[in-house]
Amino acid sequence: MDVVTLGETMMLFTPDNPGPMRYADRFSNRVAGAESNVAIGLARLGFQSGWISRLGDDEFGKKINAFIRGEGVDTSQVILDETADTGLFFKEKLAPGEWRVKYYRQGSAASRLKPGDVDESYIAEANYLHVTGITPALSDSCYETVLTAIDYARAHGVNVVFDPNLRRKLWPDHKARKVLTELVQKADIVLPGIEEAEFLFGNGTPEELARTFREKGASTVILKLGGTGAYYLNNAAEGYAEGFEVPEVVDPVGAGDGFSAGVLSGLLDGLDMKDAVQRGNAVGAMVVMAPGDVEGLPEKDRLVDFITNRNQSDVER
Amino acid sequence: MDVVTLGETMMLFTPDNPGPMRYADRFSNRVAGAESNVAIGLARLGFQSGWISRLGDDEFGKKINAFIRGEGVDTSQVILDETADTGLFFKEKLAPGEWRVKYYRQGSAASRLKPGDVDESYIAEANYLHVTGITPALSDSCYETVLTAIDYARAHGVNVVFDPNLRRKLWPDHKARKVLTELVQKADIVLPGIEEAEFLFGNGTPEELARTFREKGASTVILKLGGTGAYYLNNAAEGYAEGFEVPEVVDPVGAGDGFSAGVLSGLLDGLDMKDAVQRGNAVGAMVVMAPGDVEGLPEKDRLVDFITNRNQSDVER
Amino acid sequence: MDVVTLGETMMLFTPDNPGPMRYADRFSNRVAGAESNVAIGLARLGFQSGWISRLGDDEFGKKINAFIRGEGVDTSQVILDETADTGLFFKEKLAPGEWRVKYYRQGSAASRLKPGDVDESYIAEANYLHVTGITPALSDSCYETVLTAIDYARAHGVNVVFDPNLRRKLWPDHKARKVLTELVQKADIVLPGIEEAEFLFGNGTPEELARTFREKGASTVILKLGGTGAYYLNNAAEGYAEGFEVPEVVDPVGAGDGFSAGVLSGLLDGLDMKDAVQRGNAVGAMVVMAPGDVEGLPEKDRLVDFITNRNQSDVER
Amino acid sequence: MDVVTLGETMMLFTPDNPGPMRYADRFSNRVAGAESNVAIGLARLGFQSGWISRLGDDEFGKKINAFIRGEGVDTSQVILDETADTGLFFKEKLAPGEWRVKYYRQGSAASRLKPGDVDESYIAEANYLHVTGITPALSDSCYETVLTAIDYARAHGVNVVFDPNLRRKLWPDHKARKVLTELVQKADIVLPGIEEAEFLFGNGTPEELARTFREKGASTVILKLGGTGAYYLNNAAEGYAEGFEVPEVVDPVGAGDGFSAGVLSGLLDGLDMKDAVQRGNAVGAMVVMAPGDVEGLPEKDRLVDFITNRNQSDVER
Amino acid sequence: MDVVTLGETMMLFTPDNPGPMRYADRFSNRVAGAESNVAIGLARLGFQSGWISRLGDDEFGKKINAFIRGEGVDTSQVILDETADTGLFFKEKLAPGEWRVKYYRQGSAASRLKPGDVDESYIAEANYLHVTGITPALSDSCYETVLTAIDYARAHGVNVVFDPNLRRKLWPDHKARKVLTELVQKADIVLPGIEEAEFLFGNGTPEELARTFREKGASTVILKLGGTGAYYLNNAAEGYAEGFEVPEVVDPVGAGDGFSAGVLSGLLDGLDMKDAVQRGNAVGAMVVMAPGDVEGLPEKDRLVDFITNRNQSDVER
Amino acid sequence: MDVVTLGETMMLFTPDNPGPMRYADRFSNRVAGAESNVAIGLARLGFQSGWISRLGDDEFGKKINAFIRGEGVDTSQVILDETADTGLFFKEKLAPGEWRVKYYRQGSAASRLKPGDVDESYIAEANYLHVTGITPALSDSCYETVLTAIDYARAHGVNVVFDPNLRRKLWPDHKARKVLTELVQKADIVLPGIEEAEFLFGNGTPEELARTFREKGASTVILKLGGTGAYYLNNAAEGYAEGFEVPEVVDPVGAGDGFSAGVLSGLLDGLDMKDAVQRGNAVGAMVVMAPGDVEGLPEKDRLVDFITNRNQSDVER
């Protein structure tokens, strides 16, 4: 495996019409999960990725499993759990730019992930382990599972990539701050958004915040600055990679996951940090121009075209 | 109020296409609840009915509340609970005649109904209290709530109508048998299906089973025999009311609730038992010829037309 | 023109789901009109047909006009009326086999058809004039228009074909009976259903009823007996043409119009009465096996195939 | 009742796709009526509102009645009329920003509203009577009904709120101008849009036009200036309340009704005129950010959030 | 006929949702063809137009034929070919402004058009023959057919109108350049877009490019400059006609065809070149504000309204 | 691999409504291919199956590949061909029980399968090679490819299973008869339908026909007799396995593929011939009770339930 990731994927239901959901009577469903998005993004770019999770041994679990496997991700580590349900959630578009989410995920199969679900040898053979801050918020055993996976990675020299992915609905702020900081300490690469950085360490410039992450223990920090691009910092390199112009944001969800997939694909291809981050920006931009989390994830040739032909200027300020 | 009822109503999602739900990506939703069906059936026939429940203070709860109120049912006793979700469930049509249900109702708002939610004076002013065997299966506090409502009814001379509505997915058989039998003892009128009767008291003819119900304490027993009709027994009357011929069963769900509404409307109109049960048969037949639980519930004039013009023969065997 | 016809065509709205329309929130629309169905049926079989009518000069009128012209019917005599609306109606499927119709056609453009709208030379050049009993029910001027068209036809030796098409919602029984009888007297060929025949002349066998029609003035009577087939009677021929077996009636509407188109196509092709009526039976059968009024109308080769290969036995009893 | 209102509500059909309706074959339907929108807006904000009307005793009438009752509005005064149809209309989106409406409402049930339909005691117990300029345009008896309701209100000290709601398709300009002016004279509060004000009294600044309304007899004038906000004038107060920024207008219909509901809710809550008008602006803005007339109407907590957090500056020029 | 045109029309399938088509499972279909769009545009403006083509003798061919005939275009010259399929294509909206097309048109019925399919007398009686550069790209026999039609036109003094409509997917650039240039030489009026002009003759100002077209043999050149408008040049007149402001481009496809229809309608109405080109601009603008190729094509009164009321300034620079 | 199969899978489009496709404007698409159905059926029952094919390197090809891989089939041998399109077809339901198919598959990617696409070692490691009579009908190179795969199988002792799957639209009868007979000779197990058997060898009883197959070279023959069941014959066993009662045939397509998957799963599980054939009958019955080709394919536990609980009697006549 080039990249192994770990987390919950749910069935997402969206009403066919915008406005409050009480007026909706038609819904579409999709597969949605931050970590599986990253795995799919990498598979589409030609890399080998694997996804570790639990799903209910029910129709929704089987649908999710088939979808992710169909996208070329290795799902051999996924457990179908007969004793718990697949999580689901509803997403309403209340008004332009105003979304609201309702979960039915308490006690979900994924929330029962436990350290024993992680196969050390599976992690050991990967180049990167990717984890997010959603998983430890789901349950204590999920938290333990993430720690275990990280321990295995570190024991075998596998790079740990951490995306904080703060979800304030899932846990209290103080707990989130404590655990996310702990995970920053254990990560080789962290990919926070600027608001997440400020949530953790208070206000500051990207440079200042990145330095704080480094002081906490992460060797490489890539700070996502929205449409503007990203700032990266490690021992070897430092700078801004500007974002790509997007004529219209069709669906913003999944941009961060696309960014992660882009950056990791760049590193796996041996790009330098600047070009890898630029690739992250490009994938993120392509994702927001299509509906859904994964529809916009590009194949390699479309990605190269996009980077070559779109307006983007890379600056070392 | 002519009839007050009590129970959980959920948001029902059904895939647009038959077959296993993993292949579905479009769903429609409806309001579904046995007790609210009865209340709606009575309102449509021109009676005053009220429904006591808890709903999540969320979009689904508000949708359910508006729908039932729109149908003319008094919802003044419904509590919107900010701390719990509205229950929901999915219904797949796996094959012709083979349905499968999946619940997301654990810890739902309705499962938190508690005795204090029932206003004694509200019950006291009703002619009938209608309860089902679903509610005590939801939680201990739901069980207590049903008992409380029955106590209030009995204290004020309100007739207690009990429909066992056995749901084996919700509780173990022995517990179901124990509680349902307890409720039979407390009821004035019981409306079991023949399979439910056999679940409770073993095999037997309708006459034998009805006698057993009477021995347990119910004064009036109306045993539903599916399309065949129903057998009724009390101190004053006894006999069979044959069912109505139905050219095609479009959707069988809600037939029993329609039956209850029909019988109660007949009793409220002062019909004798035989004619009231016939009316129950008619409403049940009309419900199964339309999709959904409540779409087929008739207004008075359509019901009278139906009884007058359809093939049905009433026999005293 | 081989056949010219005259009448109202409306926009039909049907809810996507069965059951009472109050629960519907999605509707499909189609073009629906008995006379235009006949014209389309003939055009599809390769004949030249023309349709005289008024439509509102609005989007629905333009849709209807384009649809009928697209099917190959001459619409040069259609008037788009700026001062009136195109009629529309809703059709609910209340229960299996139970339909209910609601019209918004009062004062519609077609109800304003007047004698001056009919071009004598257009009628004069036709082989057949086809009219139905719907048109005179719409308004006095519509009634006059039908009489005028018939007068033109008779003056020029054009055969008058009359389909009673009784619509009891549109006029009182006594008026319907009077006007339809008057039109029977003026027709060369009448195509009543058995119920219509009994409405006009009381109960009787097909033979008796056909004789009554002949006594009233129609030279050829073809009595439609539903799936059973039809009975025909004129100076030259008499007998039954049996119907074709239909595995499932998908949508019964339009069967009579298809029957008319089939019979007329047979007569235009020089078939004897028996074979022409058989063709009517075949087209009617094909229409009920497809949704909508015109979807099942066959092209010549499919019709010949159907007659050749399906189970049907023609008997002279 | 806090507010009683009176008027026609129709079934609205909209094609699923934009462009001329002749190309549409799928339609959705909704409940649409200016006065019932106001009643629903008030109910959602926690007030008691009642709606007086006639509907056809048909499926559309029953649907409208159930919908409005479901929203918490008192519909006890609604008459289901067996002799007339529920009005309906179609709304096409011809091009961006270009809408076209087609009515089938002539002779509708609501157009038969008559003075005797209004219960004096029902009006007498209200705080406000809300009427619009649509109703008197429907028929003479509707005009008389509005006058009667106003007379009852004035006799019992109930405040009369009048929204001109000019519909030039429904009556000739000179008649509209005469009747609307008459109603302005009888109203306590008038809520005209700026174009309506100019239609009635010619061009002028908001201040000038408001003064003219006052001279005509209205004691309070609130002049709606579109997205810009509103100008208010009465004995006690005068000024501009600026509008709220809206990122995208999803559906402009219903904004004025939301404005009325917002202002009335503010007055009922004892706000001063400036804050009440600001609340009107806020509700109007929230309505245009959701599809449909009522989907965007807020509950109290969302309204307060919106006013607190959105960009709006209130100026006394 | 006022205008006769010639070319392929296909069945167009578009996924209901944007994004890559692999995620689509619902498609809508429409009729799409540049030349039939022009014919429909002219018919809607009240002119007589005819369309020559081949279609498969299959359901799609019959649908296309009925649709175009329904729009009032003469389809008497259309051949239904039993030995070939109707072409079809799929159109994906990959991202805002990024479309991708996939054809299934190789060996289609239209690609089998041959010189013998063109009736000399049909061309001879027209005022204009309209051809595009798509047809010669389909096959050698299509190329020959276009030449034959042009020869007939020139022999009978019928004006030849040529729209290059470059489709680089259909043939190699060098061949396209050669054939399109040949057709320019044979045309009286050419209607190239600016990119097409540059493809043929290299970069240049509109004036320079127009002169080159004239030198090649076309007597009138109308150069389309997108939203900006158009530049026209012939012996008698020269100048710019500015485009119309469009609030939102709903669907850009069909704009050029609408432009052609507008210009030709103007010339047929005897307008001078400047006003005819302005009319072309107006029709093109109206087409892009509606979905589909033909939905936005205006009737004469809407066109006149649009030209009168919209912002457009006509300048002679 | 337990079973390797080989063949074309296409994108299937079906109109949302029955009737001739010219009236359809909404289509759904699915993945459809006889051989991939078998592979999916086996994967769902827990076996390892692999599918060899070519697909266009386009969106439809990628959709098909992802779907089949998602179902758990090994698609490592699938080639995405940049030079050819994925085949597609349309399926109309003309009337109850009357379907019509239209292909766009000429020159499709799968028709370019060639012997070099088959990896000998991949076949060598399988227990069974499954081929059908569709593939050799697609092209000469497809025919050669099937022969090559069979040669590899026989060289390595892999059992060859052959399902004739006669498609008379794809090739002339004499050629079909010749090639299918040749393949029968090379197969270990043949699974013809009774009509296919009669097409190849003339009329006869199942016993006679089975003997003929054996004489031609197949060691095991399983003759499918529709709902009645199947007759099997080889050296060791002989008899009838009766079919299962099916309350309603929802979609008959895919029954034969399900039968093959069921039989092969039985043989892989070591069942005797009679029980394996019964399992084939069961899977076939389950497939026809769900829409689509693969939706009804059961997992092992549902299959066992079905066999245990349904009415079926196995007789040795």
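Chains: A, B, C, D, E and F, in written order; residue numbering restarts at 1 for each.
By definition in this document, a contact is a pair of C-beta atoms (placed from the backbone, for glycine too) under 8 Å apart; a residue touches a chain by one contact, two chains touch by 3 or more.
Note that this is a predicted model, so its numbers are computed, not measured.
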{"item": "Count of contact steps on the shortest path from chain A to chain D", "value": "1"}
{"item": "Each chain counted as touching chain B and chain F at once", "value": "A, C"}
{"item": "Identified repeat of the A-D interface (over half of residue pairs identical), from A-B, E-F or B-F", "value": "B-F"}
{"item": "Whole-Å gap separating chain C and chain D, where each centre is the average of the chain's CA atoms", "value": "47"}
{"item": "Intercentroid distance (Cα basis), chain E paired with chain B, Å", "value": "64"}
{"item": "Numbers and ranges of chain E residues touching at least 2 other chains", "value": "20, 23, 25, 66"}
{"item": "Touch-based graph of the chains, sorted into line, ring, star, complete or other", "value": "other"}
{"item": "Chain-chain contacts as defined at top", "value": "A-B, A-D, A-E, A-F, B-C, B-D, B-F, C-D, C-E, C-F, D-E, E-F"}
{"item": "Chain F-facing residues of chain C, complex", "value": "246-248, 250, 286, 289-292, 295-296"}
{"item": "Interface residues, chain B side, partner chain D - complex", "value": "66-72"}
{"item": "Of all residues in chain B, those that touch chain F in their complex", "value": "17-20, 23, 94-98"}
{"item": "Of all residues in chain A, those that touch chain B in their complex", "value": "13, 20-30, 58-60, 62-63, 66, 85, 88, 92, 102, 104, 106-107"}
